[in-house]
Structure formats: C-alpha cells, structure tokens
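Shared between the two complexes below is chain A, which has chain B as its partner in the first and chain C in the second.
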Partner chain A sequence: MKPRFAMLAGSAVTLVGLLAGCGGGSVGSSQNNAGNPASSTKGVTIRVVLANHPWTDGIKKLLPDFESKTGIHVNLESYGETQLTQKLTTEFTSGNSDIDVFAQRPLQEARLFVQNGWYQDLNGYVKDQQKTPTDWQYNDFFPSALQTENVNGTLTGIPIVVEHEVLYYRKDLFAKANLQPPKTIDELVTDAQKLTDKSHGIYGFVARGDRQASVTQFSSFLYSYGGDWFDQQTKKATLNTPEAIQAFETYGKLLKDYGPPGTLNMSWPQAAAVFAQGKAAMWTDADSVFQNVTDPSKSQVAQNVGIAKFPAGPKGSIPYSVTSWGLSIPKTAPHKDAAWQFIVWATSPDTVKKLQTGSSPVPGARASLWNDEDMKSFPSDWVAAAKASADGRPYDRPLVVQVGQARDIIGTVIDTGIQGGDVTAAASSANQQFQQLLDTEKK
Partner chain B sequence: MASLKRRSGLGRVGFWALLIFILLIFMSPFLWMLLNSLKTPIQIITLPPSFWFKPTLSNYSNVFEQQEFGKFFINSLAIGVGSTFFGLLLGLPAAYAIARYNQGRLATLILLARMIPGISLLIPWFIMFRALHLTDTYLALILTHMLVGVPFIVWVMIPFFEAIPKELDEAGRVDGGSTLQVFLHVILPISGPGIVTASIMAFIYSWNNFMFSVVLAANNTKTLPVAIYNFISYAQIDWGGLMAAAVVITLPVLIIAILTQRFIVAGLTAGAVKG
Partner chain C sequence: MGAGHPRNRLRGMGFVDRHAKWLFPLPAMVFIFVMMIFPLIYTLYNSFTGWSLSSGAPRTWNHFANYARLVHDDRFLLSIVRMFYFTVAAVAVELIIGTAVAVFLNRSFRGKNIIQALLLLPMMATPVAVAMVWMLMFEPTAGIVNYLLSIVGLPQPGWLGEARWALPTLILLDVWEWSPMITLMALAGLTNLSSETLEAAAVDGATPWQTFWRITLPLLRPTLTVAVLLRVIDALKWFDTIYATTGGGPGYATETLNIYTYQQAFSYFNFGYVSSILVVFFAIVLGISLLLSVIRGRVEA
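Now for the complex of A and B:
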C-alpha cells in the first residue's frame, strides 16, 4: 500500500477486516471517489490464484500495465494443477476465502463448484455496460469455448486458453513410405500398420493409455465414430452402443498392435517423450502440448513434425474443442468489481494478442485473433489444424459432477481394449456403473 | 570383525562387490536424479540413457535464478527449525513426565494426533488461521508442523528416558535439585543421542511436508516441496529443473543425516550409567 493511503485506509482496514473476517492488510479503500467504477477500485489489492501455465508466465510480465492503468494491485500466486484444486476446494469449503480471481478447469471442476455454489455468475457482469466496456467484445470468443464455461445457465468463467485434439505425424517417415497423412481413422489404422517397424524400434502410433488420462484423448475417436458418453436429454449412458464399442476397439487395437510397450502407464508426458525420441510415426493428443515435440531443444524430430486435423470417422472428424482454462470469480471474493476489471483486462483483445505473440505463446479464445498475423508464433500447420477444429465438441470428458469416477469407469474399457480383452463385455459393465453414477447425480 | 580382517583377498572382493551391488540398487533413484539434473531436455529423453555426456548447470541456475529457490529454501528452513525447536520445548518435558510418572494413557492421547489423517484438519485449520489472520505466516506453518513433530519427539524420547536409571534422578534430588533442575542438568545432558534422533525425524518431516504447506502457505511462506511444482506446468514439464530442484531439496537432509549419524552411534555406545 502506498504510504499516503496508510492513514486514510488504516481504520477502514481494521473495520472491514473485522466485519468480513478477512484482513491480510489488503483492503485499501477510498470513499472519496464513490460512483466512478474505475476509481472506486483504485488502491485495492486483489488476490489472484492461478495454475502453473505458460499463460500465467505471460500475464505476469504484463501485470505492470494493468496496475498502472487501474491502480489495482495484484497479488498473484500460482500452483500445480492438482495443488490448485486442493487449495481452492479447501478455501471455498471453509466459506472464508479471500481469493478474488482463480483459474479453473471448467470441464474438470465447474460442475462440482456450481453444485457447491462457489461461483459468482459472470452473466451479470458481461451484460452490465457500466462494468464491461463495449470494445471488450464478448461475442468474439469462440462459441464452443463459451459453451464449455456455461454450466446450467451459470457463466462460470471467461475462457483464456482453448484446446483441440489434433494428429501429430512424422513427415519424414510418411515421405519415406510414400504415404499421405491420414484423413480418416481407417487410414490412420492402415498407416500405423505400415509404419510400424518394431525391429528398428519404430511404432506406428502412440497415445495415452493411462486409465484416467486417456479418456479425454479417446473422446475424439468416440465422437467421430458417432458415439458419446451419455444422452444429455435422457441421462442414459451410451458406453456400450455399437459406435462406442467400435471406437474403444479401434483405440485399443492401435495401441496394442502398433503402439510402443507400456502404453497403459502413459499420459501425455510419456507419449510426448516417445514421439520426441523419434520412436512413433503418429500421435493424437491435445494441440496445447505441441512444443514438447516441435521445440528443437526438447525433441529429436522437431524438424519433421507435421500437425493435421483429427482424422474422420464414419460421422466425420469431430475432435473436442474446449476451454482448458478460464478465469473465475468466487462468490466469496472480497473485491468483485476489481476482480472483474482484472478479468476484462486479461481477456481483452489487446492482452490476448500480446499473450499469443509473446515469448511463451498461448492460443487465446478470441476468434478475431486467429488470423495468420496474430498466430505467427505458432507453426502454420498447427494453426490450420486447430482452426479447422474450432467447431468441435465443447467437452472432452463426460459432463458430470464426479468427473474422476467417470474417467475411472471409462478408462477401464479403454485399457481392456489396449490389453486385447473383451471390449464388449467391459463396455457393458462400465455402462452399468456409469448409469449408476448418472442416476446419483439426477436431481 | 577380527575374522573379517583375516579373510582372503577374494573374500574381500566378494564382500565389496556385493556391497556396491546392493548400494547401486538403493542409490539408483538418487543417481538418476543427479544425472538428469545435469542434462539438457533432449539428453534426458534420449534412449538408451547415456552416462557420459557434457553436463550442464543450466538447470541449477534455473532453480536459483529464475525460480528463486533461495527464498523457498529459507522458508522451509525457518519452518523446519522452528517447528523442531518448539516441538522439543514441549515434547521433551512431556516425554520425561510420561516416562517417570507412568502416564501411558497420555502418551496414547498424544499419538492420537498423529493418527488423525492430516487432510481432515485442513479445513478447520484454514478457518481458524484465517480468523486469526495467520494464513501465509511462519507461525501457522510451524504450529501445524508441530502437530506431527511433537508426537514423534515424545514417542522417541519416552523409551529413552525410561532407559535412564531412576538412580540418576534420585542422586540429583539428594544433591538438592528440583525436578526441573534434575531434568535440565542431569537428564538432558545425557540424552543427546535421543534428542538428535527425534529432532532429525521431526525436522525431516517438516522439511518434506507438502499437504499442510500447500493449503496454508501462499507467496510469503511457500516451502520447497510446494515450489518444486513450479517445474510442472500445464502441457510442459521441465524434467531437468525438476531433478535439480529435487537434488537441492534432498541435499540438506542428506548432509544433516550423514553428519549426525556419527553422533547418534557414538552416543548410543557411550552408556549413561557408567558415567
């Protein structure tokens, strides 16, 4: 706090601290300019809790702009993904948190958080022209990204990073075998077979096989075969439909016959390592992990990585297209207006543009900024593949409250496929369990 | 021991070979960590892993310069030393009283604190510390770490005090010492090995504690086990930095253990009664 505020704010700090049970010496106030929304937040310190993420690194560097423009001081913390969840749930459960802004993974947590009433619904802020300048352009966000953030009518957050599933492939191996990157899943399977050369340690395909982690990257296979996790209208589980079983079988076969050993323990870091070592010809995963294989300091095959849209199944190519991270305001936030000002600034076209073109580029959720000029920090085939996926499904895992349990149930079927077991039987028993889970969540 | 000296050269070779073999098995994770902390990202993922490579110190400079681990190191140290010190202050007299006055039930009660899953304490603690304006302070973390440190200390020290003959206490009383004086001037000076063992355990526990720190610490008091996650970012993992940070975290504990190990062994064999 600036010294000249100290006296004025001193008594206010004590008072507000006592009333709200939240001091931390951060409550600056200035009663003298009430009425003007911009200046009434001046001198306030907001607590912003984020995840370890390139986006966080980027925004950290831009923070001085925001602080000098608004007079709001930002106290930024960042944690690993699971630590963040632990911290947030503990603080919110206590009902006594002083977090003003937090980063959330809408698909993993939002349903639980909504059920617990932990969000400030942002719909009101977006529509309020006093609080939200018109040049912020809410309609510029990708519709699927906003849909991910929307849970039963509550706008839980503003998207900051979007993600799609894409196909990574080795240009050199495909050229040597005189093949084109696959346009369909059928071609993917035959190409994987042709490119597998186990005697030289080259595998046609690699992807996640870890029970929990594999579910999201399996989702695009499921959708493209015409399947889904459950029928959103009737709340009936659909894990044992012929389409779903076909998807489970294909994914399992790809990893069993053409994948490297040990895929059952692979999440993205392991799969990325196999691909970066030059041991795999194709890899399907999120577009957000591309630097692990295209950065020459991390990948032995950086020069030869091609990126393409997810191949088409019988129902076409339907990759997921989601908001992986968003910014939210908790219901208990002590400084909601200042928090909203921070979010508006952090997701404004100007800031998003800087983040996309900065040293640790992050793909933002604004459609107008996905042109060649503003995406020049990304490989051109990456941009093309991600852009073509923008209208994909707005979810990469079932939209339920108990996401972890659902992923466990589904992952068991995926793993049965990889081990060459009876997928049909596994799918129908998983379907039953999943139905029970859905029933418990029905209100 | 004497027979070992008379063994043939071949026997000795066999002994050392076996020793190195077993050590290698136990030390391999540590060696792996050490090697990878000196490698570039591309060297780390190279298969088969190379043991001869041009080492880089960039991971370590990353740990201390970009991630400012010095700060987290000081936080961990202050909390570890603080919780151990105050743990001893409370735990030593408690253990002495329990040992001398046969308060077995009290000992069980203290152990109970150790049995409660820490995670169930997090929310009440958070509410309490928020109300007291103590979140993100050393005091909050020292207090919570003591919850596990004190039972450790008490339970290590009870059998130790029990093994000290009562005659020593009595001799002290005959010379005119109060209970406190006997404890301070007679019992504590010969309890060095026990205190060292208990302190090391309490300190290591605090040093490695993650769960309490992640919830109750924020920017000002972040400890090393929480900070190591700075190297795991969404969609990116800096393995080299992670390994270097792990070495930085392990090293102090290792050094303390090696240095004090001699003291523990020496103390245990010295014998209190003869003196």
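Now for the complex of A and C:
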C-alpha cells in the first residue's frame, strides 16, 4: 500500500504545481499591463502550434534563448500538415481556442481563415514601433513572400519558409548520354525520352501524379506555357485555353511515356524516393525538399544530383515562388503581445541566420541573408537556381477560398493526361466546374 | 423487486429501492446519450443546414437542399457503388477462404496451436502499419511482388498505382487481414458441433464432400451469419487502410463513401453537406445490419 500512496501524493503535488504555474502566468500578465510591453509579458505561457517540418526542429533547439531573454514560456505542439489544418479548423470553429501562435500554409488556408475572421491582422503590429524593434527590418522579407501572406489587405502571417519549383537531374546520366540539363520544356521532353531505359529500370522523368498533390508542381508548367488558373480581373476560369491544354498534355505525356508506373499515387515523398533510388533521370518539385535526394544517408545518388532553374516554356521560365509556411496569431489568442514577441524573435535576422546555417538548413524569407556566406549550408547550384526563381509567381495553386475542391477539379485533368485520356474534354469539363466554384466566391 | 422490504430500513433508501431499475442504468444511459445519441441528433440537425466554412455566410436552415444535391452528386453515388463492390467482394472471398481453412484445421495435428496463433497476427497488426508494408510490397517499380512476377515472366500490373487494379488490390489486402477472423469463428462453431451426427453420416456411407455440404455447413450457418454480419458492418465503414495507401486515388478509383465523407469534411469544410452524407451512410449501415439480423433470426429459428 505504501508505495502506491507515495505515488498518489507525488502526482497530487505535480497537479498543484501545474495549477500554480498556470495561475501565476495569467496573474503576472494582468498586473503588469501598465508597465512597458516587454515586462508585461514576463511569466506568460503561450501555446504555439506548428507543423512537423525541419523549421520546427530547428526552432525547438533555439527556444531556450527566447525563454531566457523574454521570460515567456512556450508550450510547443507539432502535427503533420493535414492534421494541423484539421486541428486548427476544429479549434477555431469551436470558438474557444487558446492557441497563441500557429504555423500556416498561406496558399492553402489563408483565404478560408480570413473568410471566417480567424486572423489577427498583423499590419498593426508591424507598424507599431512600441511592439516591433526597428532592427527587425520588415522590408527585408522577399516581396513575393509577403504578397503570399497578404489576403485582401490582411497581413495573415510572417513568412518563415520560402519555396520555388526547380529541376533536379542526374549529372552522371546526362554526362553518359552526352546531354546538357534542359533549358526549355521541349528539351526536357526530348531528354526524358533519350534517358528512359525501361529494361534497366531507368525512367526519364518523375513528378507528383496524385490528384491533389500534383497541382502545385504542375503550376510552373502551366505558367511557363503562358496559362493560368483563372483571370483575376474577370474571374473567368482559364483551364481550357490552348496554353493550359498544352501544359496538361505535356505533363501527362512526360509521366505516361517516360515516368515510372504508379505515379498516380505519388506525392513528393514517393517521387523523391524514386529519384533517390536512382530510378529517374529528372524530377521537378519544390527546392525545399532537396535534402531527400542530396543527403547520402537518404539517397543512393546523392553525389550525382544536379539542381537547375525550372526549364522555360513558350513564355519563358516561370516557376512559382511562394511562402510555403508562415507564423500567424489567431484573433482568439489569449496572449497576443507575447505571441507577437515570439514571432518577432523567430523571424528576426539573427534567428533566421541560425536556422539557415544549421545542420538541416531551412531557406528563410529574408533577402539580406541570401548571400553566399549565409547560404553556405546549401549546395551552390541549389542557391543559384533558387535565387534565379525568386521573382516567380507568388502562388502555386489558384487563389480561392475552396482550395481543396479546386485542386480536385484541376488534378482530375492532370490525371487524365497521365492515363492517356482525352485531355481537351477533361479540361473543358473541369473549366466548367471551376467556373461554378469561382461564381460561388464572387459575392 | 421493490416489494416487501422490511420497514426498519433507513428512510432515504426507500427512494433508491423504488427506483433502482432507473437509477442503476442511469450512468450508462447518460453516457450513451452524450457520446452517441447527441452527436447523431446534432448531425441530423446539421444535415438540414447550409453550413460551410468556405461560404463566409452564417449557418442557415436550408431544409432538404443538401439531400437534393446528393441525388445529383456523381462522386457520392459512385462512392456508394465502390463501397458495396468492395464489401460484397471482400466478405464473399473471406467467407469462402475462412471457412475452408477452418474445416481444414478442424482436426488434431502437431503444430495446430502455432497455426492458430499465427492466424491472429494479421488482425493484431495496426491497419496503418499493414498499409505501409503492403504499399512497399506492391510498389510497382521497387516492390517484391512485381519482382517475383518478373522472374516468373508474368505481366506486372501497377497495383495500387493503377486505376483498375487499385480496388482489387485493396480487396486482396482486406482478405489477407480478415479471413482469419472468419476462420477462428468457424473453428469455434465446428468444435461445438456434436460428433454424433458426423459419425452417423460416416456410418451411412456419406462422402466427405456430402458430409460437408449436407451436414457441417448447415449446422455452421448460424455462426457464419454472425461472422458475416460483423465483417459487413466493418467493411462498409472501412477507412484507415484506404486512407493510408491510396487516399481514394488513383483519381477517384478507391474513393468509398467513407473517404468521400472525409474529403467533404476536412478538405472542403462543407459541414452541412457532409452531415447529410453521414445521415445516409448511417441509414445504409443500420439498414444492412437490421437486414442481416433478420436473416440471422430466420437461420437460427
């Protein structure tokens, strides 16, 4: 009996401790409100909800710096990206969330969240010199990255990770075939044909084919052919324009004729695995996942991976250049000032520099840190390709509220192309559905 | 129950005694109401509203608009077809294989216990882990299944990555995972059969084949009906393995009603519309369960 009692007593003490901890935090914040902003947040505990991402791993290691500097305690949670969206929508819908900071995918969620009034507009914080030190340098963020975060005048978040679509290729296979990495999409197609050697299990090209996941990586093909999802002025869907159909057909042909079997179920992890196992000569995807193919512990071809700017179509090379992740404050956050202090610290030049030069470097959104010295942890051809893509399109999927539906509609055309079906018919039916979707959002 | 109690009891106990048949099950009833009936009623209520996070409009009463939309929703109708295709095919194969293995195992031989223990393994494994292993095995380029097929010189399908093979592959996976359950239930049923009837049949000169069709199977029918009932309900609601392997793809080839529901809820955020789908889904599962129960009653009578 005795040990059990001891255990009970122990847990009771812990419980009391926890209660005391919480109480202390809130009392501290309300009492000191009159003083300067830095001391008013001392002792506050904020709840930060992030995604499973190398950026999160990096920031976790740096957290003690922030906690000792500000006296703010951080309770950090992290989830897979789909689970994160689910978690956030469920909590915000219920109306009594106590999240102070969350990581968001601005292109996927921001319009939906703005629609529901879930954001604290950060414009006020950025301009307030009481709350934001001048050496934080708001203007240092890439304009395209900030544009992604800006939804109808609301600054929904501060960018933490930027992303561009690039071309990964196998240097050894290109050298053996006496080829140069493709500069245009036409060259990409002929090179893919030449490098496909199915009897040896080598495929010329691999990319995402999954209905939802493929849309973003298809976008650079669409833009470079001169197409777009819809006309932003007239709100007319443009999925069945000749340019779009050409892009759908090319992407489909590449995966159907020169891609491995099973691309229809591939998102980036599957496509990266095919490339890392040495089964594909080229792969187009986000530059942010490069370590999956250049890290020798993950990739059998790490030594032979080359990275180049996305090849040009008839309208030139137009890859997407977007903020894939940002940090936001919900309208319901109980400790907004402390939350903002956390964001300022996590996106400060100093912290971003540390994250960029760490062992698993994450490309940040600050232009001043994209010099050779601060990018030394990245492969040099990666830096060149990413820099050359910085002025690309600031979106990789249509800018609508109903992103999920839109991706399904567009992905169906992509999948039709991969299966060798009638792309023109699929595109015009998709265009009709997409127009209906746009019409519901017009009001 | 409450009648004839001695009068010298504590006064307060009288109430408890008189209402025991309500009071004792009360906690369980409250639990069932809060956890099961309330969500059901709430879903029913939502199914009559136009509640969507993407509309920006407040939740409004829209009567039967959601249900009217269902009738014209091809994805919804096709997902029902797929759900039934999967359920019927998988449970039929499982029933045949499961019963055959049970009949085969229903004798004493060395290592029987080990084999019975091994039969439990597929059911004990986590569905998502099973899904991962199958994805690796059936990977079209690097998987072992296609490697073995290539050695023998047989054609190598794209399995989960090819639209027309994806659902049959998932049926195969389900058969592997759940046939053992039918086997175990059938084995339990077989052990309970009286040996006298079987002996009498043997004396009368019945062949093993005749014995199986005329005696064993009819006697086993009540057990198998329960097994089928359980499997059908489970197969209709099947979600985890599909979600972990194909997520409903390629295209929409493996999008069953459950997966479509998930998409509408957590990818499209149409909470009103998804509630109407859930109500229909619930009605289907309930209807089939009742139907099977009636059949079961007939079989046992």
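What we mean here is this: the second predicted complex is superposed on the first by the 411 of 443 C-alpha atoms of A that agree within 3 Å, B and C clash if a C-alpha of one lies under 4 Å from a C-alpha of the other, contacts with A are read in each partner's own complex, and residues count from 1 in each chain.
We adopt the following convention: a residue touches a chain if its C-beta (ideal position, glycine included) is under 8 Å from a C-beta of that chain, and two chains touch if they have at least 3 such contacts.
Note that the coordinates shown come from a computational prediction; the quantities given were computed from them, not determined experimentally.
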In the overlay, answer first, second, both or neither for which of chain B and chain C A:94 touches.
first
For A:180, decide between first (touching chain B), second (touching chain C), both and neither.
neither
Regarding the shared-chain residue A:53, is it in contact with chain B (first), chain C (second), both, or neither?
first
Chain B versus chain C as contact partner of A:297, first or second or both or neither
first
When both complexes are superposed, which of chain B and chain C contacts more residues belonging to chain A?
B
Considering only the touch criterion stated at the top, classify A:85 as touching first (chain B), second (chain C), both, or neither.
second
Is A:77 contacted by the first partner chain B, the second partner chain C, both or neither?
first
I'd like to know which partner A:232 touches here: chain B for first, chain C for second, both or neither.
neither
For A:401, decide between first (touching chain B), second (touching chain C), both and neither.
second
Please indicate which partner A:112 is in contact with in the superposed arrangement: first for chain B, second for chain C, both, or neither.
second
State which residues of chain A lie in both footprints, the one left by chain B and the one left by chain C.
86, 93, 277, 279
As the complex stands, chain A meets chain B at residues 17, 21-24, 51-54, 57, 75-81, 83, 86-87, 90-91, 93-98, 268-269, 273, 276-277, 279, 286, 288-289, 291-292, 297-300, 324-325
Residues of chain B touching chain A in the complex:
40-42, 45-47, 122-123, 126-127, 130-131, 133, 135-136, 211, 214-215, 218-219, 226, 229-230, 232-237
Over in the complex, which chain A residues touch chain C? Could you list them?
82, 85-86, 89, 93, 112, 115-116, 201, 209-212, 260-266, 274, 277, 279, 401-402, 404-405, 408, 412, 415, 419, 440-441
Inside the complex, what are the residues of chain C that reach chain A?
53-56, 139-142, 156, 158-163, 245-247, 249-252, 263, 266-269
